[in-house]
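I've put the structures underneath this note.
Across the two complexes that follow, chain A remains constant while its partner is chain B and subsequently chain C.
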Partner chain A sequence: MSSVESERPIVIGLEVHLQLNTSTKLFCPCSTDYIGRTPNTNICPICLAVPGTLPIINDRAVALGARMGIGLHCAIQNYSNFHRKNYFYPDLPKAYQITQYELPIAVRGYIDIEGEGGLKRIRVHHVHLEEDAGKLVHPTTDGRLTGAAYSLVDYNRGGVPLSEVVSEPDMSSPAEAKEYVSRLRQLARYLDVSDGEMESGSLRVDANISLSNADGSLGTRVEIKNMNSLKSIERALEYEIVRQNKTLGSGGRIVQETRLWDDSEGVTRSMRNKETASDYRYYPEMDLAPIVLTDEEIERFEKNMPELPWEKRDRFSREFGLSKDEVTILTEQKELAAYYESVVNAGAPSGRAANWVRMEVLRVLNETGGSITDFGVSPAALAGLVRKIENKELSSTVGKDILDLMAREGCSLEDAIECSGAAASRLTGDSLRALISSVVEANADVTGIIKSGQDKKGGKMKFLHGLVMKESRGQADPKEVSEVLSKELGL
Partner chain B sequence: MKMSVDREITLRMARAAQIRVAPEDVDHMMDSINDILSFCALVGDLDCTGTPDFTWRMKKRPSRRPDREMDWEDRESFKERAPAIEGDFFRVPRISSGV
Partner chain C sequence: MELYELTAREIADGVKAKKFSAEDVTRACLGRLSSLETDLNACITVMEDSAVAKARAIDSGLARGDEMGPLAGAPYIAKDNFCSRGVRTTCSSRILENWTPTYDASAISYMNDAGAILMAKSNLDEFAMGSSTENSIIGPTKNPRDLRRVPGGSSGGSAAAVAAGYCPVALGSDTGGSVRQPAAFCGIQGMKPSYGEVSRYGIVAYASSLDQVSPLARSVEDLAMALEVLARPDPRDTTCDAYDRPKFTDALLLQDLKGKRIGVFAGFEAEMMDAELYGALTSAADHCKSAGAVVEPIDLPIAVKYGVATYYVTALADASSQLACYDGIRYGAHIDGPTLADMYANTRTASFGEEVRRRIILGTALLTEGYYQNYYGPALKVRTKMSAEFDELFSRFDAYLLPTSPSMPYMLGMKEEDPTRMYLGDVFTVPISLGGLPGINISMGLTADGLPLSVQLVGQRYDDARLLGIASVIERIAGRPGVATPDRDKTLRRGGNGA
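== the complex of A and B ==
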């Protein structure tokens, strides 16, 4: 949880922008696939604001905005519309952004997170749709605006659909803010609303933070931008809490402003005085028809909702008898949850399958840098491996080697068992007895303690057991080792 | 209801619109805005009972379109028509510091 202490209560609200999973932009049929594209190739007269063109809203963007709203328990509005938000940056050629303002698509929702004192409900004020801006490049050596005589602009991203989720100021620590964004991202991914990649800019967060006054009233709000990872959200907010406490503690006052997070320096810097709604001169967008959603349409959206993360957690816990920790890890990504479920459906016992997926599969993915969607071991193959371990045909140690072979070399289960030598070299019977005898003989001092009854807590016995397993390179059955070892020591 | 602006609001509007107004022009600008507001009040007083809303254009256009990509053949022409380009980028004046 949070590593900073605050003398004053902390109040945090977040605005989270999600790039919607559409093929085309919000108001024109240009591609949204702009990463790595030559600048200004995904453009058309509409997103370039050529006079005489008119925007028409993307049907899928409306559906995804509504789906996100439903996932957040919001009321979906039958009627919503757009405004023009005027500003002076040339990152949109119209000199205004088309955004929902007074009547957003979804209002009054919530999401539950793991807060510092247990489960906590964070209220969502609304979800609205808007277009993204283009990308400005400043031709200075450090890429910053300072010193630039002019700017360069790439409109490939201009007009890409975003849904903005605006929370109420219900978070009271940086850790809670980070957890809220994690849960929101997980929901967006489950719903296929957005890939939620912060590094590529598909998920962007603006944080509003204030410290309450002694009388309980809200303090002056500061907005922080440019946080590109979950970690940076936490760090930026922690920095700001320290800064604001220090300023207030020395008799200073907090200025309402927008500050930019500098991740390399670990500081926030003043960017500009915070705009108010009147500065943007919101104006109804008369070129766009309002979004009218009938009750039947909203009902259809609700019926088509996939299983939500918390629903899956409950089901996994109920159906598979898994612990809270196991369920949390397995359902973090819906693809991992689907993989686990397929392993169980292919005949693996649910408990052992859960261990193998969350420990070994994730270990291999971590080591190889891969993702579960392109993991080389099919659920059926892993289920086969887990069953062999369950039936004691293979030890867990050898099983791990076999999983590695399957994942890294692309072997079938049978080939991997053959390659590992596990089939031929299973250590049992006389071979195991011989190995145990040699271990007992080589550790006469330890066996003496055990035989004399001084090993009250069984630590020495465990030590010998471990030595045998190590010497057998995991090819012996731990239970059989215990039995033979006890006999060998005359217990 | 007729609204009006005073010098202070006039200057605030000019600042928001990033329009530089010389001190001697403020009164003239204020009068112009008040004339516009008076006209709006006049229009607001009109009895429009029974007059249909001006919606024919909206009704003629689809309100939503399918999420289907369409290629524009002549994208290069946009750059050719731009006031200034540099490489693949549009070149624009240095952004202002905001309002």
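== the complex of A and C ==
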């Protein structure tokens, strides 16, 4: 799977930050809807750290953190608390970040991914809650700090709730790391915990990678940040493997450091070293009462869990008799899976419906750049279409045109059939009789055999039927063809 | 009797009965303030106009027949670390010298809603760090019982104001004794409620796990009335307990101490405290006995031995983080520099006073990798042990008596040069704070020289009502403190130490 080779075993662990789907911030009632907002409008005395203010925990964020933990098979803690992570930076108004440190909300879990050699279990160390920082804006052409005469700070994002999922170092290739993030993102979306958009920053990944020594001991760990897509996670790790192998191969030494991925150059670069080793002086946050979850509350969270991706996959293959590939594609997004299920419930045969959703619906969405949630073709309409094809009332080719029409024009199945001309060009009555006569004439030898009563098994009849259907380019009704054919042959 | 000598209860009753107007009282208190303020230097901001306007509003409400709050017409002063909307809140620091909050602290809005009239913001040690109200941008506050002496701290301005008759009730914040000790030094009553009793929302934090809004007054009844207004669940402070508070003033119906068991601290070492205060403790114990209580000696070995160290480790660590938000970016002082780090350093070095800088530096060190394990971690453990020691005592006693301060109010400037000595003055107040327990400073009268004597009564956490009841019985025997009128002849002139 991986495009890079490494003679030294690769050890990768990931920290994934998910922006939680809450309408308000983690410790104040400000809106979390900061994208595109005028700077410093989603703020209040609390998230600006105005003297005298105190944080108030957002219960929804706690519930979502617990939900993510349950989805990752973690033990949800009855008692968890927050610490302060102290450091000065203009985007951090209190000069400390409130984060779960010693006692996070969920610990010891796992998620199964498709690894290099089949299913692989990646252990999750813990899931914790924390607040996001604001954003610095540098008025330079490239948006970087270097060369800026001044910087502006926007606190709209400050205090937005995040959950951080910290894995064990269980991944052994960039492809596995990418797969792990995909599965985690899928889970977060299934659980409505986060929209998991890497581009907008609602899913952020920090990677830790080391190459093991010949004796099997772990090598020096390097942290990589600033990867903005699944592809860039893979590329950054691949780059780093090559770099580290090259360094080690030429007798060099790996420095423990943080490196930034530059997507346009395709390289990682060492971040400017801080003057001193970072000491965040963690200590307990006393302004917040601890989070106490009773067994009953945890049970209620568990009961309210929606169907998880792997549960849906199992059920789809069991109930609908689909192949693994089909199931994987159909369940990738829970909205697509729900759409497919509705098509089947509306009476479409599961196998053909799977093909249509997976091939044609996704093709249309891909062409139009739309998403399944605002797809113009209702599951009932698609079910009707698939049924007509199944019954050979329409050919697949015509069906695709009809689907396109419905999606583009937003019209009903009937109107689309009408518009497509499939109804008008239908071969029936006199024109069908004319076609059949010509086929019968052109195949005198076969018709002879049938007429003489030698077609005991009906094979020759089927042959003729097929020829007619082929000549009609699928526009004839198979039942009518049988009737007219029998009449024509005088049977 | 002058109007400024009345208690909050007497004022509220008198205003409601239309014996005098709220404006009369407010003007009397403002008059008292302006006649003494040059001597005392107790206030950072005086809100004369808004106080009179509020008093008039109460009077016209009364004329209309509006429902009146329990503190209707009672002027009060709040320590200048309570946020007050539209009124500059300095914390006695250059870094907030020109900062005006956009919101009221919960305690301020509760008091205002109860009909009390905010008339001034009082002096304090910068960011409530100190025990003498000498570390201030406006200079030291003087003790109205003896102008040569400190009023205690850090709520020294509030204590001096109540003692001198500026107002019947004031608000302070007590972190390690910052209300009880100045109440003792100024000869009035002051109560630190249980941690979690009163919302901390809007008081500029020093140490989150210890700070508590605390009233000062010249009577236990006024403390109870203030607490009844202040103590309630507040959704803005999740450390403020949501439980249903009892009616604190009902506890004052207690007639005697029959059936009560009172412990009296006896674990003294020879030079631990001033002899007069030992005498005050003995007479308080005698009062309890005469009121029918069973009185027995107790010791608090862990609290007395480790309290001060544990307290300072906890509080300084918290302070270092709590004060980090003053970075010159969003509010407060800003002094530019060539780099971000220079700007931080310039702003904070020039705008924090020496004691605050000392505490930030010590607190930062205490949380640093390595030191944390040796100091902060153990401090948390000792705190737990100390709580166990208190719990054991409360299985045998309803309350106990101990000194508030080991020393009588000292002369201005005396301990400025020696912070460690000043820290040791907190030996009897900080353990109570660490335990989250309620503590009341009760005045025990004056010495022949006119210096105040007092004792500290401590109860179980959330037993504030019962504690007020016991305090009221002791007060009935010991006598309520009166208003102090400073003797200007006793003013000691010291160069370079004035306002």
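Annotations
Here is the rule we go by: the second predicted complex is superposed on the first by the 417 of 491 C-alpha atoms of A that agree within 3 Å, B and C clash if a C-alpha of one lies under 4 Å from a C-alpha of the other, contacts with A are read in each partner's own complex, and residues count from 1 in each chain.
As a working rule, a contact is a pair of C-beta atoms (placed from the backbone, for glycine too) under 8 Å apart; a residue touches a chain by one contact, two chains touch by 3 or more.
All values reported here derive from a predicted model rather than from experimental measurement.
In the model built by aligning both structures on chain A, chain B clashes with chain C. Once the two complexes are laid over each other on the shared chain, residue contacts for A:Lys94 go to chain C alone; chain B is not touched. In the superposed pair of complexes, A:Leu260 makes contact with neither chain B nor chain C.
More residues of chain A lie in touch with B than with the remaining chain of the pair chain B and chain C. Of the two partner chains placed around the shared chain by superposition, chain C is the only one that A:Arg84 touches, whereas chain B remains out of contact.
By the touch criterion defined above, A:Ala61 reaches chain B but does not reach chain C. Once the two complexes are overlaid on the shared chain, A:Arg281 sits against chain B and chain C alike. Touch criterion met: A:Leu48 reaches chain B and chain C at once.
Once chain A of one complex is fitted onto chain A of the other, the partner contacts of A:Ala289 extend to both chain B and chain C.
In the overlay built on the shared chain, the residue A:Ser23 is in contact with chain B alone; chain C does not reach it.
With chain A used to align the two structures, chain B clashes with chain C at 384-392, while the other stretches in 168-176, 258-266 or 384-392 stay clear.
Residues common to the contacts of chain A with chain B and with chain C across the two structures: 45, 48, 54, 56-57, 88, 90, 153, 279, 281, 289. Across the complex, chain C meets chain A through its residues 82-83, 89, 91, 96, 99, 101-103, 105, 200-205, 207-209, 235-239, 317-318, 320-321, 324-325, 327, 329-331, 340, 344, 364, 367-369, 372, 376, 380. Residue ranges on chain B touching chain A, taken from their complex, read 16-18, 58, 61-70, 72, 75, 78-79, 86-99. Chain A makes touch with chain C in their complex at residues 45, 48-57, 84, 86, 88, 90, 93-96, 153, 279, 281-289. Within the complex, the chain A residues that touch chain B are 22-24, 29-31, 38-41, 43-45, 48, 54, 56-62, 87-90, 136-137, 139, 145, 148-155, 272, 275, 278-279, 281, 289-292.
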